[in-house]
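Two complexes, one shared chain (chain A), two partners (chain B, chain C).
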Partner chain A sequence: MTTLVEPSIEVPAPAKPSLLARWRNRRSADPTPVWLTVVGTFVALYLVLPTLIVIPMSFSEATTFVFPPRGHSLWLYRNFFTNDRWLDSLRNSFIVAACAASIATIVGTSAALGLHQLRGRRSARFMQSALMFPILVPSIVIATAVYISFLRWHLVGTLAGYVLAHAALATPFVLATVTSALGTFDPTYLRASASLGASPWRSFLTVTLPLISRGVATGAVLAFVTSFDEVVIALFIRSPRFQTLPVQMYNSVVVEIDPTIAASSSLIVVTVSLIFLVALLVNSRRTSRPGSANNRRSVVRRTR
Partner chain B sequence: MMTSRPRWLPHPGWLLLIPAVALLGGILGVPLWQSFWRSIGSGDWTLEHYSALFTDGVTLKVLARTGQAAAVVTIVTLLLGYPYAYLMTRVGPLWRSVLVVMVLMPFWTSALARNFGWLILLYDNGLVQRFIALFGFDDVVLYGTAQGVTLAMSQVLLPFMVLPLFSALGGIDRRLLLAARSLGSPPLVAFWKVYFPLSRGGVVAGCILTFTLACGFYVTPALIGSPRESLIAQLLGQRTTQLLDFAGAGALGTLVLVVTLVLVWWANRMGGSMATIGAVAGQTGTRR
Partner chain C sequence: MTIGISRSSSTGPAGEPTGKGAQIRLESITKDFGLAHPAVDNVTLTIEPGEFMTFLGPSGSGKTTTLNLIAGFESLTSGTIRLDSQDVSTLPAHKRNLGMVFQNYALFPHMTVAGNIAYPLRERRVPKPEIERRVAEVLELVQLQGRDKHYPSQLSGGQQQRVALARAIVFNPRALLLDEPLGALDRNLRAALQLEIRRIHREVGTTLVFVTHDQEEAMNLSDRIALFHDGRIEQVGSPENLYAEPETLFTARFLGDSTVFALGDQPVTGPVTWEDERWAVDSGTVAQRARSGGPTALVVRPESVGIVRDRAQVPSGANSVRARVRDIEYMGAYRTLLLAVGQEGITGRARIPAADKNYALGDEVVAWWHPDAQRIVAA
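Our next item is the complex of A and B:
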């Protein structure tokens, strides 16, 4: 049951493992009531529908946002892939996300290793919470503060400004995933490799890194998606010269009524869902490895 | 690790923290500090920008509206999330995975794509309006109203309610409920007197979390709500980019930040929901 999306909170004791047991449960004195299933289905639809509805909309022929879509057409997609403004913002988003994710992955992994070496100290626990701070602060507070300071530093509307802000935002996510991967890392490996004459750097590359690679990779993907999807800061530090895809999508609703957003939304929804489903499958196939579920739980315990 | 180092030298682990501290401190910490510094008059030690928040007649009204909206969202997510989390504890592993994937759906879909989806659903004569009309309410306006914003915000925040609840409900021994039933208690009474009190930690943690996050929403009210009913985040944005009242924005931002941190600290004490944020954040993202 180790999947990427499983909540790493205390998972309740595994219940009813088989169809047979579920069938028995239905006949038992404690059946799952029908109304509960109905309410659950309703809530599940509520969770999923707003996301899925953009897909049929993207094939509409109409120039308005009215549902149900009229006709079948690919003109919105053609619009997306031929309009310079959409293409530029897509390219900008890719560049920003790639740079920000690279920086965040290196910085976050380094910090996780440092905290791992310092574990058990009170100051290290304080540092861990301090570095998680950006997750808790409302984006709008960060965005307005960053905007005013960036004005003075001449970073508004620049690639560097976007990359730095997004890298800072994404670092806590990498820190979290790598810390959890380090939860089951056995430090005696390092002593063994050192006793065999390996330098600390070589030990890191050949021993530590392969063992925490999944945490690093998960963190990198999360950092990329965080940056690619970030709206609020991007809205504040945009300029006519440089803006990212979420900003262009925002404009297409607020400023110009441009239905191309339907095509762009569908592309993002499908791409990101595929990334997550692949990660899910890869993770669940490797459940037998001394893997993530346990270290995640240990992280949870430590952060409490 | 193997070599001994002089006592005055810091542990080498600290060196690895330097890049993270520099990045987060420089890019987020310094702007937040400067914003606070401006709010107290850049060294003049004045509280006029803070007192202005309470006397300008707008901020307090918007604050009250934000608190009310966040409270409604919290109640809606609790009413929808509790049965959902309960169902998650009752089904087999396969269906539980399906339910988990569905509850995390609002997380991993792009904020703009999701808000655009809501826009389509909430338009006049849209799907939601026609669905509500089935029950006889055919004059409900959702686009550009607080109700529409509540509906959209509740969907995004449901995971933050469901996950702490699931964690709390999963730990409850159902046999207690059966025992109460066997002693002659009607199902609802058994639930209210036995099951619900045991789940209170999760309920409180989920409610505080949801409330806190709801207070900071910017994009959803801006896209779906009406400018006349703006929430605190929009006021903060407006003060920064349109009125260029940087000191006032700093004071308002500091206020929002302090309230958020107090609520998070409280949630943390009420049931370890920092862990839930960290866990959820570790898998997806919370930036909306």
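Our next item is the complex of A and C:
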């Protein structure tokens, strides 16, 4: 059997294979080209390294930014967790992101469902593009527009102002993920549930929602991160009484030259990584369970 | 097929009397999608309580649309639908209490077999112990005991369709609507499930509307067949009635094989002529719709046609025509001669015994039949 996988073993008596040749032999029958591995590694490092650099820096003893970090201590973390300005802005960011993500998820999911019903019509395609606008327009333009209108409506520096602006920004992400989830949703299910006595609302809760739940959850996570991470609008509508974590981080660098930002960044990187790891684990468990989306799709294909 | 059903025939899956299901009345119903002609065009039909009614017809003839109108998935352009004299024309689908089975099963993939079957009961807030009892009973009825914890994707097509059937009858619907339920299954499974559906219909006793484009399936299963043609009902009747007494050429051609002689507009009250043949007509074999003038055709089923070498051997009183053997199909139980009939060489069919090997391709023969075995239909 092994000779099938490693055909080069059958080559008659190479007296003493070179190191390179032996390394090649150990690789599978259809190996990934070496150059691809090299390029892939570089791209991965390029994407990840700048983010990871903040982690060693967060353990530095220095009171200013120096790289490589000097010594090791936890004082930056102590600073973060004892300074009210950092903690308040962290709490504000969480509240804003949670509210904005909730609104964006409800609005985006409803919009996706409605547009799905009208799919194929010109008006639906137009609406879909219009709802994607916040992603396409440069954020500085949106921020200016938001600032001008919020000044008039007295929303600058308020929780409601942050939530409304971020919800609008995050809705397109939910719309996109739910629309793609609906693409594999067989509308016959809704006829079946109706014939079995379920009202449209009950059908939505018991059939549609469970079957598009992954799209909704992905959209909600993206919406949360979009808001949590948003800095341009937040800079415009901040007030001394209410600011979010990205704004506080910006201030700490530009105004205060405070290296605590390294600790807060590290915390965010670790938290976000953990969230995605958990999501990944849950997903992989789900795929191995019968009735999961993968099997679902194969059923739909078979029955068409 | 032996099955151990624990309950008496007078009770349904819930243990309560099933009655015979509802009467379904379609009164001049029309559905217009805005195409060249309406998908369903002024259809009137009464389906009796407990009846096994099949909608048969070629693809695109309006069967599914009619079924969807009954189910409430489409709105009527005009007309009235009554269930037991209750006007349900504008009642939403989820309030009509009709069980539906789809060609692609439409089982909820995120629920187990038991979860799927319990769904209509949960929506009706049936107490949990009773749900469990009824699910177990109906699983037994469709012979899927022990599969309750499986997911639909773990079952074969035939098993999935049984689950769909169980789900559609567990809440004792007023009628059961099935849209090509066996269309996705292979031949052997189809035959098995046909038997199953007939047995379930007998045991549950509900009104059943079955859509198919397969004439054999329709003949096997139905009490009555409604034959659809371009959004209209061409003819309604028992399988025997439609096969033996077609009113139109469309019906004669759709159900079973036949040899068709176009008669044009000539009167059909006396003997008729076709090419240079002259044939006797038995007035009992002239369809109502062929009596009122207009073009007609004479049709003969292959099992009524005899084959001889020359005219002298034709029994007296029989009609006959010259033909040439174009092909011979061996069918196991019999052989079918494919004939080129008359000068024009139209296609004819005759059934001869399987052991009869007297004919070869190209042979000149005479086909004959008794006048009471032919039928004259509107063309």
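Operating definition for what follows: the second predicted complex is superposed on the first by the 235 of 304 C-alpha atoms of A that agree within 3 Å, B and C clash if a C-alpha of one lies under 4 Å from a C-alpha of the other, contacts with A are read in each partner's own complex, and residues count from 1 in each chain.
As a working rule, contacts are C-beta pairs under 8 Å (C-beta built on N, C-alpha and C of every residue); 3 or more make two chains touch, one makes a residue touch a chain.
Everything numeric in this text was worked out from a predicted model, so none of it was measured.
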Worksheet entry | Which of chain B and chain C A:Val43 touches, first, second, both or neither | first
Discussion item. By the touch definition at the top of the document, which applies to A:Arg202: first (chain B), second (chain C), both, or neither?
Written reply: second
Practice prompt. Quick one: classify A:Val232 as touching chain B (first), chain C (second), both or neither.
Written response: first
Item to complete: Applying the touch criterion given at the start, work out whether A:Ala194 contacts chain B, chain C, both or neither, answering first, second, both or neither.
Response: both
Discussion item. Per the contact definition in the header, classify A:Pro210: touching chain B only (first), chain C only (second), both, or neither.
Written reply: second
Worksheet item: Hey, what residues of chain A end up touching chain B and chain C alike?
Response: 191, 194, 296, 299, 303-304
Discussion item. Could you list, by residue number, the parts of chain B that touch chain A in their complex?
Written reply: 1-2, 11-17, 19-21, 23-24, 27-28, 30-32, 34-35, 38, 80-81, 83-84, 86-87, 89-93, 97, 99-106, 108-121, 123, 125-127, 152, 155, 158, 163-164, 166-167, 169-171, 174, 178, 213, 215-216, 218-219, 222-223, 233, 236-237, 239-241, 246, 249-250, 253, 256-257, 260-261, 264, 272, 274-288
Fill in: In the complex with chain B, residue positions of chain A that touch it
1, 3-19, 21-22, 29-30, 32, 36-37, 39-40, 43-44, 46-54, 57, 65-67, 103, 106-108, 110-111, 113-118, 124, 127, 131-150, 164-165, 167-169, 171-173, 175-177, 180, 187, 190-191, 194, 218, 222, 225-226, 228-232, 236, 246, 249-250, 253-254, 261-262, 264-266, 268-269, 272-273, 276, 280, 296, 299-301, 303-304
Worksheet item: So in the complex, which bits of chain A are touching chain C?
Response: 186, 188-189, 191-200, 202-203, 206-207, 210-211, 290-291, 295-296, 298-299, 302-304
Worksheet entry | Residue ranges of chain C touching chain A (in the complex, touch as defined) | 71-73, 92-100, 102-112, 119-120, 123-124, 150-154, 157, 167-168, 171, 177, 184
